[in-house]
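What follows is chain A paired twice: with chain B in the first complex and chain C in the second.
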Partner chain A sequence: MRYKSQSVAYWYFAVAMVLFGLQLVFGLLSATKYLGPDPLLYILPFDVTKVIHTNLLIVWVLTGFMGATYWMIPDESRTELYSVKLAYIQLILWTLMGVTAVIGYLFRYGTGNKLLEQPLPHKLVIVICMLIFLYNIGMTIKRSGRFTTTEGVLVLGLVSSAVLFFPALLHYENYTVSIFYRWWTIHLWVEGVWMMIMGGFLAYLLIRLSGADREVMEKWLYVIVGLVFLAGILGTAHHYYWVGVPYYWLPIGGFFSALEPLAIVGMAMYAYGAMRRSGLAHPNVLALHWTLGSAIFTLFGAGLLGLAHTWPSINKWTHGTLITAMHGHAAFYGAYAMIVLAMISYALPSLTHGRTERGSSIGYWAFWLQLGGMFGMTLSFATAGIGQVYLERIMGMGYLDAQLKIQIHFVMLIVCGTLFSTGVGLFIYDFFRYRPRFEVSEPEVTDNEVAVGRVV
Partner chain B sequence: MNNRQARIFAWGSTLVAALVFLGLTLDSHRQFPELTNAENITPQVTHGKDVWHKYNCINCHTLFGEGAYYAPDLTKITQHRGEAYLQAYMRDPSQFYDEQRHRRLMPQQNLSEEEITDLIKFLDWVANVDNQGWPPRPILVTGGVNSATGAEQAAMVLTGSTSVGVRPVSPDSDIRALGENVFRTAVPGCVACHSLAPGADGAGPSLAGVATRAELLVGASDYEGQAGDVEGYLRESIVAPSAHLSTGGMYSANGVSFMPDTYGESLSDDEIEQLVAFLATLK
Partner chain C sequence: MQLKSLYKPVRILSFIVLALMLIAALYAFTMTGLHWTGINV
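Take a look at the complex of A and B:
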């Protein structure tokens, strides 16, 4: 840690860890309900556990993004944060918003609009938090006068996330139109601007961990951003299948979402190439695992498994089945959960006392258990989904009867989910095992060091 | 590629994609009213949509295939189930499905009668949106292929038919074969509610042995309909399902059968005769 204000990241990460743990509790509960019968039918029915599961995901990943940004910006701009106080106010507001939203869901206080269930007051608090955040980051960069490309991509991603949230605040009379604009927020977040954020973090980590040449890395970052948007913006069309929009969205969705993996392949090649060229010299090998792991798992979950059901003539049969859950779990985990865990693993040795730079064996157990568990969960959803598509959609068996025939895959889901949760539990334990440290541990960068190439 | 070219590529492709996307969005708005029958969005439909949101339906069910995957897709539900059925179902789902058997059950939502009526109006609006012909084959809640007899399933495999239980027929096929074809293909689908396996009741009673039951019934003193023979009874049941209610509370309420009463209009007279001939074979 070179700048004292970077330590705010610790508290953001800590909140993210707690919410991540909580997310899994509700995930496991939801999974067991697939097996049924459900003793909690009138206490915590599926719709409640599911809405909390997905909302906690969004909140903790965004908390992680914010923490990681507060960690990264001082490093990149070589200055203290503009206001530490604002950063804490933002965290408190944000956490209160998240916690009260979850409590509200327990009592069915929500909009019932998929993934945008937050009631209007909560949505407004989200906007306020976003504005505080962007103001703080913007002022930090402005004051320092140093603005790197990596940072630029990250900040542009964050600003666009805030802008794209606005359609979610409006009310639509026509259900089809409300679906149309819901995806402006959700899809363009997940497959557009969040990808940019991920790309920014990835570039930062690769430059630091592998010592790869900044000039080269930033050039390719541009290419990746171009590909993300070229395919991602028009790729929104794959959410417009079968919802009551004009027919031309079908071929557009097919073509551009088939292009979407290009950016992801680019990202994986980029990470691998950086490692090949510059070696694996950095002592924080655990952070390296998470960084490369994220690039590769994204390729699998978002790229390959997305492509598997994105073509209209296939999606016609798989739409709205567990095939979607298969893709959703692997993609979100690989692209967003893992990149946040990578940033945490990178920052943690200097944010806590007594932690070795290479990472502990508990840290590696956490990595491999999570990876294995999530891979197994993905396969469980995949096998269940394939069974469902054939029995229900192609053979014409009733939904409830088809679900009975694929019970064994739900057993597998719960077993793998338990493995995964064990991995996450270890990660959280490892996180809180050491006392946080709030003093500067590395000297500030001087111009001379930059000149002789000692810092990147 | 140098740094500057990379930057131009990034901005250029983003700009082009965004412009095309916005253009298509404008055009979609031009087409929304027609594709979604916007003129049918009455205050009741809007209220029904609010009910859908208020009770968080989308976090178990899917609509247009979007939502959670824990409960059946409801996009075309009003084409599979009549209004009376849906009303009774919404009042108490546990009267219709057994949690021990299906391992999941919809919790009772305690909707008001007005909420139920408007929700059904909303779902009916959804069912009529032009959504690019999805689903390609009806998505059923229960029943379907597993309620067909073994021989029927074997026949499906032999003919290579991918359409459930529909064997190829030509106009000069046996009238009972034509009738079975009607049974499989009518809209709303008979198979969506009725199985042919003894005891396998769906949203409607199993039709196994319906001819035998009809024969006993038309002679009985408590029969309320007009028919004098088996064929007449079957015809009456298809065209006017409420003429005689013999099967108890799960299939009717307030003297009205849950079965759609639209077959008199949606099927031709020939098709009804074919269907009667087929059903009359179910001794």
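Take a look at the complex of A and C:
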């Protein structure tokens, strides 16, 4: 840690870890309901557990993004954060918003708009938090006068995320109109601007972990930004296939959403290229596992499994089935969860006392158990989804009758989900095992050191 | 302003969350066992 204010990231990561654990509690409870009559049916019905599961995911990943940004920006701009106090105020507001929203969901207090269920007061707090966050980041960069392409792409992704939250503030009576604009937030977040955030973190980590050339990395970032604007934005149309919008969305969605994996392929290529060039000299091998793992799992979950059902002729049958859950779980985990865990793994040796740079064996167990568990969960959703599509959509069997026929796949889901939860549990345990450190551990960077190539 | 004193309470909270995860997993396995004969295997 070169700058004292970077330590604020620790608390963001700590909150993210706690929320990540809670997310899995509600995920396991949701999966259990597929097995048969559930004693918790009237206390925690499926719609409540699922809403909490997905909302906690968004909140913890965003908390991780914020923490990782507060870690990365001082490092890139070579200065202290503009205001540590503002960062803490933001974290307190953000955490209160998240916790009260979850409590509200338990009492059915929400808008019912999928993934954007937060009531209006909570949404306004999200806007306030984002404004504080962007102001703090913007002023830090402005004060330093140093603005790298890597942080430029990250900030562009963060600012765009904030702007794209505005359609979520509006309420529409017409369900089709509501869905039409809902994707302006959800799709353009996860398949658009969040890719820039992920690309920013990925480039930062690869430059530091593999010693890859910054110029090459940053050129790839431009490619990713270009593809996000081309394929990501028009690819929104693959959510418009069967929701009541005009027919012309079908070819637009089919063509441009098929291009979306290109950005992901680009990311995986530059991760692999960087790894080959570097010789992997950095001692923090655990962070490198998470970084490369994120690029590869994104290629699998978002790229391959997304492409598998994005064509209109296939999506006609798979839309809204467990095939969507298959793609969603693998894509979100690979692209966003893993990159946050990579940033945490990179920063943690500097943020805690007594932790070795290389990482502990618990850390590696956490990595492989999570990867194996999530791969198994994805296969469980895939097999259940294929069965569901044939029985329900093609043969015309009723929804509940089809669910009874595919129950066995949920046993596999629970086994693999437990394996995954064990990995996450180990990561959380490993995170809190050592006391946090708030002192600077490395000297500040001087221009002379940069000139002689001691820092990147 | 580093909130050092918060480490202990947050660590305790993390153990509570770990315990909840364990309970949720045990609950899921118990329900699997209870419903085993009704599951279309």
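As a working rule, the second predicted complex is superposed on the first by the 456 of 456 C-alpha atoms of A that agree within 3 Å, B and C clash if a C-alpha of one lies under 4 Å from a C-alpha of the other, contacts with A are read in each partner's own complex, and residues count from 1 in each chain.
Just so it is clear, contacts are C-beta pairs under 8 Å (C-beta built on N, C-alpha and C of every residue); 3 or more make two chains touch, one makes a residue touch a chain.
Because the structure is a prediction, the values reported are computed rather than measured.
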Winner on chain A touched-residue count between chain B and chain C: chain B
Margin query: Looking at A:Asn174, would you say it contacts chain B, chain C, both, or neither? Reply first, second, both or neither.
Written below: first
Problem - chain B versus chain C as contact partner of A:Trp11, first or second or both or neither - result: second
**Request:** Name the contact category of A:Leu404: first (chain B only), second (chain C only), both, or neither.
**Result:** both
- Task: Have a look at where A:Pro121 lands relative to chain B and chain C in the superposition and call it first, second, both or neither.
- Result: neither
### Task
Go through the superposed model and pick first if A:Lys50 touches only chain B, second if only chain C, both, or neither.
first
Between chain B and chain C, whom does A:Tyr42 touch in the aligned arrangement: first, second, both, or neither? first
Message = For A:Gly21, using the defined touch cut-off, is the partner it touches chain B, chain C, both, or neither? Pick first, second, both or neither.
response = second
Could you say whether A:Gly226 touches chain B, chain C, both of them, or neither, answering first, second, both or neither?
first
Both chain B and chain C touch chain A at residues 35-38, 404, 407
As the complex stands, chain A meets chain C at residues 7, 11, 14, 17-18, 21-22, 24-26, 28-29, 31-32, 35-38, 84-85, 88, 404-408, 411, 414, 417-418, 421, 424-425, 428-429, 431-432, 435-436, 438
Residue set of chain C touching chain A in the complex reads 1-4, 6-7, 10-11, 13-14, 17-18, 20-25, 27-29, 31-32, 34-35, 38-41
Per the touch rule above, chain B residues touching chain A in the complex are 1-3, 6-7, 9-14, 16-18, 20-21, 24-25, 27-29, 31-32, 35-36, 38, 41, 46, 49, 52-60, 62-73, 97, 99-100, 102-105, 107, 122, 125-126, 129-132, 134-146, 162-165, 202
Per the touch rule above, chain A residues touching chain B in the complex are 30, 33-38, 41-42, 45-48, 50-51, 108, 110-114, 117, 173-177, 179-180, 215, 218-220, 222-223, 225-227, 229-234, 236, 241-250, 252, 316-317, 319-322, 324-325, 391-401, 403-404, 407
